[in-house]
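Submitted below is the structure of interest, expressed as structure tokens.
When the chains are written out, they are named A, B and C in that same order, and each has its own residue count from 1.
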Amino acid sequence: MNPVRVALAVARKDLRSEWRTRELVPALAQFIVLALVIANFGFQIDPHNAPSIAPGILWLALVFAGLVAFGRAFAAEREQATLEAMLMTPASPVALFAGKALASAALLVLCEAVMLPALALFFGTQVSGEVVAAVLLATIGMAALGCLFAAMVARIRARELLLPLLTLPLWIPFIVAGGQAVQSAMGLGGGYDEAIGLLIDLDILFVVLTSLAARFVLDE
Amino acid sequence: MNNYEKAATGAVALMLVAAGAIFLYAPTDALQGPVQRIFYLHVSSAIAAFASFAVVLVGGIVYLWRESAAADRLARAGALVGVVFTTVTLVMGMLWAKPVWGVFWTWDARLTSTLVLWIIYAGYLLVRRLAEPGRQAARFAAVVGIFGFIDVPIVYFSVTWWRTFHPGPVIVTDALPAAMLGTFLLTMACTLVLGATMIAVRYRIEALLDARERVSEPGVVVKARGAEMGTEPVP
Amino acid sequence: MSILVANGLTQWYGSDPALEGVDLVMDSGEHLAVLGENGAGKTTLLRILATAARPTSGQLEILGLDAFRERARLRRRIGFVAHSPGLYPALTATENLEFFCDLYGVSRSRAAETLEMVGLREVAHRRAARLSRGMQQRLAIARAVLHDPRLLVLDEPDASLGSDAGDLLAGIMAGRTVILATHDHALASRLCPRSLVLRHGRSAGTPTRLHVVK
């Protein structure tokens, strides 16, 4: 069982479970739409200020949705005692971790597929391929980090408090770069290429680091 | 007085010497006035905080590599002392900012990174407290400490980069005249000594706490306790 | 050659001793029952012997390998049925097993074989959430033998199984070295010629005593 097959098996299992129960994605999609509605009232958005506020709302909604998605990736395993069953097999913890990160990233991307059109619809901002690229790139790094700390937090008490506390400081560079990229793609300000370059660098760095750290967090 | 008490007294005495230099030796800044004197301790605190977190980083790496309980204890001590210094840095920074800029806070790269630093290591301490004491807490905290240490320069860099598109207030630090520089270096040295002493004392406290809790130390064989306890044998 | 050698296994949870100085030697093919009341430390001991948990101190050698440093290599040879079944509720019995076949690196045909072994062929396509507690237990047992392990560690597998537990377990245990924790003394003496009794002291100062009965 080579690690890639293991990772894909884990991802497939997670996605299949989600498909059968349909718990996470509808709840997250609803949450995101609601967040957009509330933002409209909170920020008094009109066609003039929409392009400057929309990127902020996008990332805010994404961060909260991400925390829920990644938190659940490991919380459910913990409750079902399945995490230990997986760890009792010879499968490498890094492969298990990669599979979970893949699956929760995929679920978050599904939510993004709801959010971006909703953003365009409600706020009249352009959602171009450039915006999508920035969001997808940021999702990769955020998934790696979110899942690592979710795995850690699943074994500790007070996980709803701890997960944001540990994860958000590490997500800040992604939000800064991603926010600038989206803002630039929506026509305000520049630096798109640099922002994308920064996102790619961050992705590479943190995917490598989290892979190295996975065995310390997952294994007993 | 035991050695720790002597060291602590010495460190405090040094800080008093530094205080003397700050208030009596260093000249008053022409632009900012007396408020500027906060700068000596504020920056020294920041440096001591970073040094403490570097200790946490090294302790964490050594722990993950060798499962050395001593390394973990050192990391724990460093984290606590580091958070204390970071708090001091943030508070002094705010006390300085209000008279000088008119606001307590601004989201420039330095303040943002310092705040993030504080949050990360507060998280470190929480993880330590909430995880299963022993190997699990040590391992998780080591991971948090390592990621945290790497994250802070990255946050600093990204905010600096972001500021090129969204300029904000700039902290101007001109070259320091000799007397000020001398005072600063003295204060920094004394603060680092204080920090090292605090870490040493805290390390000792952690060692005593560990002994009381019988924390996991892999590979150590503990003899069965039946004989000493004097309980009757099972039939 | 001894398949398992445990020396001074001790587990502390804070200041509470769950296990103190447990020694054990097992030869290949032996079946050992672990008996004791709730809270005596059976689950703690079994988890350590299955390499699912590490003790506070002590040494453990399985199949000639240091159990703490070589866990990855040992995982192939050890099967563990934990206290809770640990199944994916949304997946069918077969899907649950096939997933673990992938993780163990064995052919997926083992899923059907083990289902047959534990008598779950009829519910192969039923979701785990819809299986009775006893069936879930059987499924967990099936999973523990997918990779045909040499050492099998079973933590109260008979808890929900019902009257044919003995036959089922005897079939699963044949040819393997087995450590079985149970409350059922009759079952234990039927299946296991050897037993280890754990007894928890009344006051905090009395240690857990080891007692091996032939």
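Side notes on the structure shown:
What we mean here is this: contacts are C-beta pairs under 8 Å (C-beta built on N, C-alpha and C of every residue); 3 or more make two chains touch, one makes a residue touch a chain.
Quick caveat: nothing in here was measured; it's all calculated off a predicted structure.
At the far end from chain A, in terms of centres built from Cα atoms, lies C.
Chain closest to the overall centre, judged by the mean of its C-alpha atoms against the mean of all protein C-alpha atoms: A. Computed centre separation for the pair chain B/chain C is 46 angstrom, with centres defined by C-alpha atoms. In whole angstrom, the spacing between the mean C-alpha positions of chain A and chain C is 37.
Annotation: 31 Å between the Cα-based centres of chain A and chain B. Counting partner chains per residue, chain C shows two or more touched chains at residues 54.
Chain A makes touch with chain C in their complex at residues 1, 5-6, 9, 13, 16-17, 20-21, 80-82, 84-92, 219-220. Put simply, chain C touches chain A in their complex at residues 50-54, 71-73, 75-76, 78, 80, 82-91, 95, 99-100, 102-105, 127, 143, 147. Against chain A, the residues of chain B that register as touching in their complex are 64, 116, 119-120, 122-123, 126-127, 130-132, 136, 139-140, 142-144, 146-148, 150-151, 154-155, 157-159, 161-162, 164-165.
Within the complex, the chain A residues that touch chain B are 145, 148, 152, 155-158, 161-162, 165-166, 168-170, 172-173, 176-177, 180, 189-191, 194, 198, 202, 209, 213, 216-217.
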